[in-house]
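Two complexes are shown next, each including chain A; its partner changes from chain B in the first to chain C in the second.
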Partner chain A sequence: MSGHDSFDEFLAAADRDGAIVETSAQLEAALSRRRLLVAAAAGASAVLLTQAGPGRAAGGLSRSDTSILNYALVLEYLQASFYTEAERSGALSGKTARAVRVVGAVERAHVEAFLKLLGPDAVKRPLFDFQGTTEQQQPFLKTAVALEDLAVAAYKGQAPKLRSRAVLAAAVGIHSVEARHAAWMRELFGIKPAVHAFDQPASRASINQVVASTHFIARQPRTKARSKPKYTG
Partner chain B sequence: MVRSAATEDLANEAGSSRLALLLAAGAGAAAATPLFRRLLRIGDAAAASKAQDARILQLVLQLEYTQVAFYEQALHQASLEGELRDFAQTALGHERQHLAAIKRALGAKAGKRPRFEFGQATKNSEAFRATAIKLEDIAVSGYNGQATNLTAGTLAAAAEIVSVEARHAAWVRAIAGEVAAPDPVDKPLTATQVAAGLRAIGLRT
Partner chain C sequence: MAALAVTVTISLLWAGLGGSHRPGASSVTGSDAALPAAPTPALTIGRPEPLRSSGFLSRWTSLRTTALARVRPAASAGVVAELRPTTPEGTANVLAVLRARPDAAGALWVKVRLPILPNGRVGWVRRQAVGAYQTANTHFVVDRRGLRATLYRDGKAVFNAPVGVGTASWPTPAGEFLVRSELTRYASPFYGPVAFGTSARSAVLTDWPAGGFVGIHGTSEPQLLPGRVSHGCIRMRNPDILRLAELMPVGTPLTIQ
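Let's look at the complex of A and B:
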């Protein structure tokens, strides 16, 4: 007798050998403890796959859900590459460095989860050029804030359009995690983590426009654009 | 460079009025049964409907009532200082707007403000901080838990609120020096779990 009856029934039906329940239990134990960083990558995949169940085979997803998931995957690629590159640059310190280890691991986990969910229908990782924003802490934080706020608006814009209830359940769980990341990065940057009472969605066209304006998605490998490549996502 | 202003300019509608409009039609369906019996019926329907939206709104109404009362009392009694005070004031402002929007959506069917006994949580700042984390995490998981039960229009309106609750949760966790986003995917809570969580914090009906 709860809001998740149908979802729980679905899980039970999908979980014939008990593997999912076992994974979830391990996941909860692992993620709530100090092993967060190690477990995060495996964890998000497990949760997403658990929740998305029958959609696992890409053939089980509607064409429009596949399109939305690929769109989300590109945003996750962007974020994961951004954090990974910033971590490797060695430019981050203190609380920011610690937060980025967590957030980066989670964004990489989101990528892995979407890749597994989409299977052969997944789009390839683009080439990135973060225009130097991963090489100094303050420009990094400013960009992180923008990317996270963008991700929140993007998920919010797409969630109501998802047809699969299972994919929707996973997407809203990621949407709020992106909002947590946005607030966290804002706090670290020294600006208000929550400005408005209502966060607004953004359309795919608007998101694409903003992403294009950053020139973070490179037309060619950075190795060709610059004589001395540093980090190329 | 990324222009964060650009994302904020993308949509400048008034979210609260949208919520009210979307749900006004469905509000009349909530039966006049005791609150928690009503809440327990959430999810019974096979598919989302305006009637079910209204039942879910009664649930999140309790959430928002609890948050408003909690921050109001703490700001009066807990001697909050610095960033923690800034957080409480900001969150209170947001929760009041959420509450007003949900009340407008439910109209005359909106449940009355319950009583609360928050104990130490609104009297000293450390207890306040710990409880604020619990309450905001419950809000995030409570809204998320209902996402698949809502009609698309109401889901869009609720999504404008849940990410703000997630921002509050992360903010107060950061203030406490805790991991602001502890899970890769936020876990959903059922209506029953939300009700139990709110009671444990101090909701008395």
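Let's look at the complex of A and C:
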């Protein structure tokens, strides 16, 4: 499996309303008109990069590594947005609320680091609809366990495919942090944090199943139009 | 005694991991020296920072389906209004989110400001009827007495301009509202180049087409501003409304005082 295969499948599963793919298609058309293959300024260029052949993207990263990093960035966006919304909701309490403050800050730091590394090749932050899971303790914890397990499995699955040892070193460092988060959330949810001696790599299908079951990536509502105003004047 | 045992155990583990220079361990050291140096990680993770104070943040969302707004967060509670997912202009029906809470059965409800008459009403809709929460760090305030409008970002004024408001017969309503749409490229000089839709409604022009919503828009008669000249809308000079359009996102809370 190549990196871009996994990213495409991730998108297909996670992009409930086609918002990311739609953005990508618009971007691709614009780039075609301009006879540019690699977008330097548009956030959704990662999808294009995944469709390009071998070579190097901007910033010295290989295109396959860029694709994998953007795949990871989407997951980091997902986690950071989830914890941030949960903290702002003010609906969580006790140890869970304290954990949210710590983990949320870490996930936001991950996002910032990915954005800095990827520069103009970074995908844009999608809009997330957490459907109330950030506003009630038990749904929150159940979802947090799923998202952390998802992140751990995703890093584990992608790390062997990274070409750059420097990127691999960074990914391994983040992977272990995500594993600690997963254990923490499991503990808070009341399930055993570590029962297996070895974590089997999760299949693409299982990762996609978890992502698809959330339906968390949503389309931006239409708030702009060209229609004539009907206001009182 | 226990501390000593821990110290000994850690020392033995450290030695087992090659942490000490034992006699006869030079071959291991030599092999290590032959290995390539560990790479510097490509990512530099910054210090995790707590969330900034959210004192100037507000939340908004949009309706996904037609929904009933109720007086309390319960399916059996009385209905305040039926809300549709789109505005008369065809944009999403955007609502200010005030709070959320579950009902006795555990279903989540969201308290929202309602775009209905009388102005200022609130109601509860099922969480599943609305979409993603979004945040705004902006706030637009219209001062009817001073005939000026100010946009705040994170509590700081970033825009200020003279406005026209409603006459005594057709007053601009006071209260807390939301900027819920932005219209452009329509052929109507009367409204200027940009018009923002709001959740405020004229209490007088109830039979106005599309319900008499109050807009914030440009004008073809800038010489009348500032003044009490409109049917309830907030009029601005065209250069001002164009500048405001660059600064004010949909979802911005609107206070008319």
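One rule holds in what follows: the second predicted complex is superposed on the first by the 156 of 233 C-alpha atoms of A that agree within 3 Å, B and C clash if a C-alpha of one lies under 4 Å from a C-alpha of the other, contacts with A are read in each partner's own complex, and residues count from 1 in each chain.
Note that a residue touches a chain if its C-beta (ideal position, glycine included) is under 8 Å from a C-beta of that chain, and two chains touch if they have at least 3 such contacts.
Source: prediction; values computed, not measured.
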Practice prompt. Classify the contacts of A:Phe198 with the two partner chains as first (chain B alone), second (chain C alone), both, or neither.
Written response: first
Item to complete: Once the structures are superposed on A, label A:Gln131 by its partner contacts, choosing first (chain B), second (chain C), both or neither.
Response: both
Worksheet item: So, does A:Val152 touch the first partner chain B, the second partner chain C, both, or neither?
Response: first
Worksheet item: Of the partners chain B and chain C, which touch A:Val106 in the superposed model: first, second, both, neither?
Response: both
Worksheet, complete the sentence: The chain contacting more residues of chain A, comparing chain B with chain C, is B
Worksheet item: Where does A:Thr214 make contact in the superposed view: on chain B (first), on chain C (second), on both, or on neither?
Response: first
Discussion item. If we overlay the two complexes on their shared chain A, which of chain B and chain C does A:Ala169 touch? Say first, second, both or neither.
Written reply: both
Worksheet entry | Shared chain A surface residues [contacts with chain B and with chain C] | 102, 106, 109-110, 113, 131, 165, 168-170, 173-174
Worksheet item: Inside the complex, what are the residues of chain A that reach chain C?
Response: 61, 84-85, 87-89, 91, 101-102, 104-106, 108-110, 112-114, 116-117, 127-132, 135-136, 164-170, 173-174, 218, 221-233
Worksheet entry | chain A residues within the chain B interface of the complex | 1-7, 31-32, 36, 40, 43-44, 47-48, 51, 99, 102-103, 106, 109-110, 113, 131, 133, 142-143, 145-147, 149-150, 152-153, 156, 159-161, 165, 168-170, 172-184, 187-188, 192-194, 196-203, 206, 209-210, 213-214, 216
Worksheet, complete the sentence: Per the touch rule, the chain B residues reaching chain A in their complex are 1-4, 6-8, 10-16, 40-44, 46, 56, 90-91, 93-94, 97-98, 101, 140, 143-149, 152-153, 155-156, 159-171, 174-175, 179-188, 190-193
Worksheet item: Can you list the chain C residues touching chain A in their complex?
Response: 38-51, 54, 57, 59, 62, 88-92, 94, 100, 102, 106, 108, 127-128, 131-135, 166, 170, 180-188, 190-191, 195, 197, 202, 205, 208-210, 212-215, 217, 230-233, 250-251
